[in-house]
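Comments concern the structure below.
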Amino acid sequence: METHATRSKTIPTTRFKLALKSLQVFLPVFLMFAKATSAHAADATLDSGDTAWMLISTALVLFMTIPGLALFYGGLVRTKNVLSVLMQCLALTALMSVLWLVFGYSAAFDSTGMEVGKVGLHSFIGGCSKAFLLGITGDTLTGNIPEVLFFAFQMTFAIITPALIVGAFAERMKFSAMLWFSSLWLILVYLPICHMVWGGDGAFFADKGVLDFAGGIVVHITAGIAALVACIVIGPREGYQTTAMIPHNLTMTLTGTGMLWVGWFGFNGGSALAANGDAAMAITVTHLSASAAGLTWMGIEWIIHQKPSALGLATGAVAGLAAVTPASGFIGPIGGLCIGIVSGAVCFLASTSLKRKFGYDDSLDVFGVHGVGGFVGTLLVAVFAAESFGGNQGSLNIGSQFGTQLCAAVVTAVYTGLVSYILLKGIDKTIGLRVTAQDENQGLDLALHEETGYRY
Amino acid sequence: METHATRSKTIPTTRFKLALKSLQVFLPVFLMFAKATSAHAADATLDSGDTAWMLISTALVLFMTIPGLALFYGGLVRTKNVLSVLMQCLALTALMSVLWLVFGYSAAFDSTGMEVGKVGLHSFIGGCSKAFLLGITGDTLTGNIPEVLFFAFQMTFAIITPALIVGAFAERMKFSAMLWFSSLWLILVYLPICHMVWGGDGAFFADKGVLDFAGGIVVHITAGIAALVACIVIGPREGYQTTAMIPHNLTMTLTGTGMLWVGWFGFNGGSALAANGDAAMAITVTHLSASAAGLTWMGIEWIIHQKPSALGLATGAVAGLAAVTPASGFIGPIGGLCIGIVSGAVCFLASTSLKRKFGYDDSLDVFGVHGVGGFVGTLLVAVFAAESFGGNQGSLNIGSQFGTQLCAAVVTAVYTGLVSYILLKGIDKTIGLRVTAQDENQGLDLALHEETGYRY
Amino acid sequence: METHATRSKTIPTTRFKLALKSLQVFLPVFLMFAKATSAHAADATLDSGDTAWMLISTALVLFMTIPGLALFYGGLVRTKNVLSVLMQCLALTALMSVLWLVFGYSAAFDSTGMEVGKVGLHSFIGGCSKAFLLGITGDTLTGNIPEVLFFAFQMTFAIITPALIVGAFAERMKFSAMLWFSSLWLILVYLPICHMVWGGDGAFFADKGVLDFAGGIVVHITAGIAALVACIVIGPREGYQTTAMIPHNLTMTLTGTGMLWVGWFGFNGGSALAANGDAAMAITVTHLSASAAGLTWMGIEWIIHQKPSALGLATGAVAGLAAVTPASGFIGPIGGLCIGIVSGAVCFLASTSLKRKFGYDDSLDVFGVHGVGGFVGTLLVAVFAAESFGGNQGSLNIGSQFGTQLCAAVVTAVYTGLVSYILLKGIDKTIGLRVTAQDENQGLDLALHEETGYRY
Amino acid sequence: MKKIEAIIKPFRLDAVKDALAEIGVAGMTVSEVKGFGRQKGHTEVYRGSEYQVDFLPKVKLDIAIDDERAAEVVAAITKEAHTGKLGDGKIFVSDLINVIRIRTGEEGPDAL
Amino acid sequence: MKKIEAIIKPFRLDAVKDALAEIGVAGMTVSEVKGFGRQKGHTEVYRGSEYQVDFLPKVKLDIAIDDERAAEVVAAITKEAHTGKLGDGKIFVSDLINVIRIRTGEEGPDAL
Amino acid sequence: MKKIEAIIKPFRLDAVKDALAEIGVAGMTVSEVKGFGRQKGHTEVYRGSEYQVDFLPKVKLDIAIDDERAAEVVAAITKEAHTGKLGDGKIFVSDLINVIRIRTGEEGPDAL
């Protein structure tokens, strides 16, 4: 079985490079004995360093959702809804984890019946032989790390993706509807897309050579598009555009920004599935993209509104983090810088002008930041992964790769949009999507949870 | 010297399994030379991956107390006492660390004069040859990691255990009394119990075959029982049951919950003392238990009170984390799920009905969550560690192990309760346990520390 | 190329010890083959455990600034300026990172043209061959870790150092002036000092045998002195000494304290550039120094003001962290304890009496805590690094080392003071350092960023 | 001169303010208060403990106005703050002996 | 009608509210205020700097009531808010010209 | 007795309080309010959306005083709260029928 990193690096030369790299790590030992040790045997050994990094990466990605994203979003809503947002993030953490154990992991990563080039059911969804992790013990390996660790790491991705969507329908969705939507969405959107991209040989997008290192398509495009559809279907908040809906606690949002940024090192760096040069380069370009995007957003604001804002800087940084995600394992520092600048500018436009123009109430700009950022990164990876632009994909043909990336992004977006729409409409017709206007006025904290955020 | 993990895995077959596991890690190398390298020599080598994981685990467990637990607790008290709680956590961090250096570590882990099966003074408390870490340098190893790192990791446990108790007497205990109580309690309760369970061959509970991977007995039962005794001895807060004592900042509590949850990966995963499959399985079952317990608590509330609450979800998750702690190195994912569900339900009852029935003011439910959760986990480990239930203790006899666990839990509880009671009464008679009613009314922040939490 | 740790351990015997230590780690393997593997070959191999630790250390040090330091500082200012402080930390994170890529790293760590004993331009500043990390891929190594990881780790130091200074001129400096000052200061102060201390063989201070493990001189003395100069040049806040400037949210400051403390494990532990006994000892002494300093500060307050304060405890802990930084890789636990006690007491005096006496408005006590703490540690390293005091520098001559340390500290202080003064005056004359009195009255959040921190 | 104190629902504040500004009310002072009245409060539940919270968030407007325009102001507030549901609030009218503008020292109606 | 403003200690609020509800007071408005008076404030110390804080947290009750029951209300508050220690607070009574219930438009005593 | 309500700029509070203490005012009650008047508010911008915030933070002082010293108090406040810029605030004076000190039950001017 192959690692996540090799899965996404489907171009032959990349694999070769990777093999070379591993070789180099073990070289001194290898040379000393000059014995033919099959690569497979080496693969089957647990590496404590890689395991250490993946353990902590798992913790870091979990940290991104609780409390990182929860705080980032929580600070942006009004006081009366702060707990509802925090609770949604926490409840999704718990619920998605259980689903991931029950069948999620298996549906995403069981490679039963898959073969390079063969298109069939399992090109789109995994099998069920790994449901409940049956038969997998602490000793079972995936590459150099325990498989259960790969399970846990990927679980944190399956947590944060639906949690990202929460920002779009914040302050008005019923808690029960949110749980139903997220669960069904995980099953019908996240699992297949995840499988198609990261499912390994025989997976639909993987076979096409789509590059998505840490989830530009799998995480950000899916979440961003679902967010857009959700906020349109559920409709704007009461009083949207007529009353001021000012973030109630920007210090909370900035705290969350810092946590997201730091946690993203685990998100992108951990996607190397090893503590190696790839992971190191991934965190470096991740950091540089966030920095460049934050400065870009801030700079544009400074020019347009005369004043740079903390929220702008923070939002820009998150846009840069989202955008660099699919590229982080393939590009160099300058690529990170460029992706940051482009995403900072494009996401600024999307979150301000675009939103205003079309009038949808994407309350916390999930589409504008994650959807658009994910798109930007998914396309730009075709450019900056090329060696001429500092990337590590030697033989990459920029043009054709761009086409591949665009296709995958669009197919994912259309599929996600469609399924999300059907789910939302279905829930609306049955248990209802939205709280009553009175509950919305009172605030979800009291209306749905009988709690109050602050009582100074 | 043996590692923490082997210490707690005292059943012969377990050790054998562990040996096998280590063997497998080094197998390729071993096989290649086919030379007889003594296991001891292999043990005596520092493993950078294990060391990396233990370094970060140490940081994670420290993070659980400052700021994790401090925020979790701080948000639950009233505004006027928030700093007092935060400060107690911070002061305990500093003070327990110094005590740990001076003699704590030695009293807990010095194995001078110990022998399997021999019952003597050192079955109950360690020697003093490691006081001040004299003679121990960066090169001294414990298993595959520096001994000083083992010292530091265990120190973070000696910090959080007394810090947990703080929640029981919050909003009314004198700061000086708290420092005295915690220091004496560390010496008279924590150190002996820790030694008896984790002290290695010859330690009382270890020799009996008690399973406690990461501190169900050592941390949660001791803290929980001490908390119960403390809140009874010190008496309820002024106005308890007649005035509303509503958490002043649930966003703070939820932030702390996220931090505790993430930090717990270091707590339980780090208790493997290595970056391996055990650690990976430990964080996975830890996460699943927290998830299941959170959902269970929330679900019960939803049924009983019609509304699911953020605090309920968070409290449930912490209960699940506490309960899975003793079991985390021995069970599989389904064991994690089950322990979560049971502890979520039982701790809910303990923190609501039981408390109301007996009328004690365990202000932040330390007993209901940690004490009861620790108990649940300590007993259930006897079930879910069995291979038939997905655990890794092949030869475990569920019935007899259950007896062993129950005995150890009860003995610990009785001993802890007794000593805590004597300490509290003693302090009350000398310097006094409780602030004046006037100080309590004014709030501890101003009365004891001349500070105010917020000044918006 | 050598690692950071060896760079700062420039005394021959230290190197010898280090070599021995590494030897010992690889000994079993070495002995088995009894083959002559050159040390260089071993050096040139990536170690996944070391890499894992450095990846997470990088994340931890970033975490210190965002959100750690941002919260620590943010809680200390008045409500109307909280966002300005948070934003300064975030903006510096982004801006310094870009500068670090463009030329910072190269100017600090490019060793072109350097030679032991040779004093020339490159004794004071590095070359520019590593600008933009050109030619460096994920495979390039620095010691046992990817060079890009060393780049990223050091980048987090170049972020936090200017961010520390922010506390001195908080609540009154123009945002644009802050960005200009920090950028120029990074170039003209941080880069050369960093190069002189950590630039390796041929670097000015390194050749003199100056010991600075993790930045007592490079980080804390430079930041502390710049802070002192800055707060004098910019002048006190409107109403300083006549109106109460009470911290607006101490829970925020205490949260930041916890984060700084935990993150410091990466700062000092990561400066070993490996997951080994040095790193383990570094985090242990770091923790003990923080604990001792916190207790000391609290104790003094308890005696003088009758009441121990949370802010005092927290400030003391940070002072202890700053002071132990230069020493953390060279001393033993007792050294950590002692440095903590001394720095707790001295920094208390500096932040209270000294400040009051001279009347400067070092708003958040950057000089009193970091400057003075850095000084204390830089001097005391000469004592506690000695083997007789539990350190690991066998042949160290306390007297002469003390002289060396004092010289380096004073030279750095004078140089930093001078350049900072010139920069500040220059900016004041051109774009102006300070906001208008009216903007200051209104608060920087609204005046400069058109945002409000809280809207409950 | 009259002092008009109006207790209203917070989410009506903007509308009331605009309406008053339209009829030329040049100034007002607003504070956050909690009201107890016919409108019921709510229950909060924390770890199984139920707390009845009787006080509801309201906004209080203080407006000093010359006698002639008092009725008009009261009417405007009544109209804009009205939702027809319990808890819409009350308006209290009392006499003012004097008003002083601090900036200029003006007194009486001129100071309004 | 009368307007009764009572400044009391925060922790007596619940008792006072209950006592008033018992004697049939249908509504009141509460706000958080800070008081300065005979009761001394406190000192706060931050990094060695002492700040004298003169203002103490108090709660203000505003109650509009018909003339007949004003005395009764004052008595009830006095009784329940009383602790005998400095800082128990004050009650201020003034005249109200009119009261309007926004929901119904009722005026005068009917609006109470 | 008179009740003096003064709306002032927050940063003048300390000075006003000290001035009042000096002329022997034994007590006062302070609350945080928001003012709307000639002084303009400000704009806030969040992700490109501009919000006009009309209300400015002010502090309200309530002082009950016997009739003779009312003028003196008003003068002291006017002097100390004055900065000459828009938004300095207003002082409102009204009649008080009675004052009760809760601690002692004293009534009228004695209770001040």
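A few points about this structure:
Per-chain numbering from 1; labels A, B, C, D, E and F assigned in written order.
Here, a residue touches a chain if its C-beta (ideal position, glycine included) is under 8 Å from a C-beta of that chain, and two chains touch if they have at least 3 such contacts.
The structure displayed is predicted, hence computed values, not measured ones.
Shared contacts of chain D and chain F, meaning chains that touch the two of them, come down to A, E. Of all residue numbers that take part in the contact between chain A and chain B, under half occur on both sides, making this a different-residue interface.
The chain pair B-E and the chain pair C-E differ in C-beta contact count, and the higher one is C-E. Here the spacing of chain A and chain E, counted between their Cα centres, is 54 Å. The mean-CA centres of chain A and chain B are about 33 angstrom from one another, to the nearest whole unit. For the pair chain E and chain F, the distance between mean C-alpha positions equals 18 Å.
The multi-chain contact residues of chain B, meaning those touching 2 or more other chains, are 29, 33, 47-50, 52-53, 56, 244, 246-247, 249, 275, 305, 307, 309, 311, 450-452, 454, 456. Each of residues 31, 44-46, 94-95 in chain D touches at least two other chains. Viewed as a contact network, the protein chains fit none of the simple shapes, being neither a path, a ring, a star nor fully connected. Pairs of chains meeting the touch criterion: A-B, A-C, A-D, A-F, B-C, B-D, B-E, C-E, C-F, D-E, D-F, E-F.
Looking at the complex, you find that chain A touches chain D at residues 239, 243, 441-442, 446, 450-452. Contacts from chain F toward chain E in the complex involve residues 3, 17, 26-31, 62, 64, 94-103, 105, 111.
Those residues of chain B whose C-beta lies close enough to touch chain D in the complex are 244, 246-247, 301, 305, 307, 309, 311-312, 315, 348, 351-353, 356, 365.
In the complex of the two chains, the chain F residues touching chain D come out as 2, 5-8, 31-38, 54-55, 58, 60, 74, 77-78, 81-95.
The part of chain A that touches chain C in the complex is made up of residues 21, 24-25, 27-29, 32-33, 47-50, 52-53, 56, 60, 78-79, 246-251, 254-255, 257-259, 261-262, 265-266, 269, 274-281, 283-284, 287-288, 290-292, 294-295, 298, 305, 307-311, 313-314, 317, 332-334, 337, 392, 454, 456.
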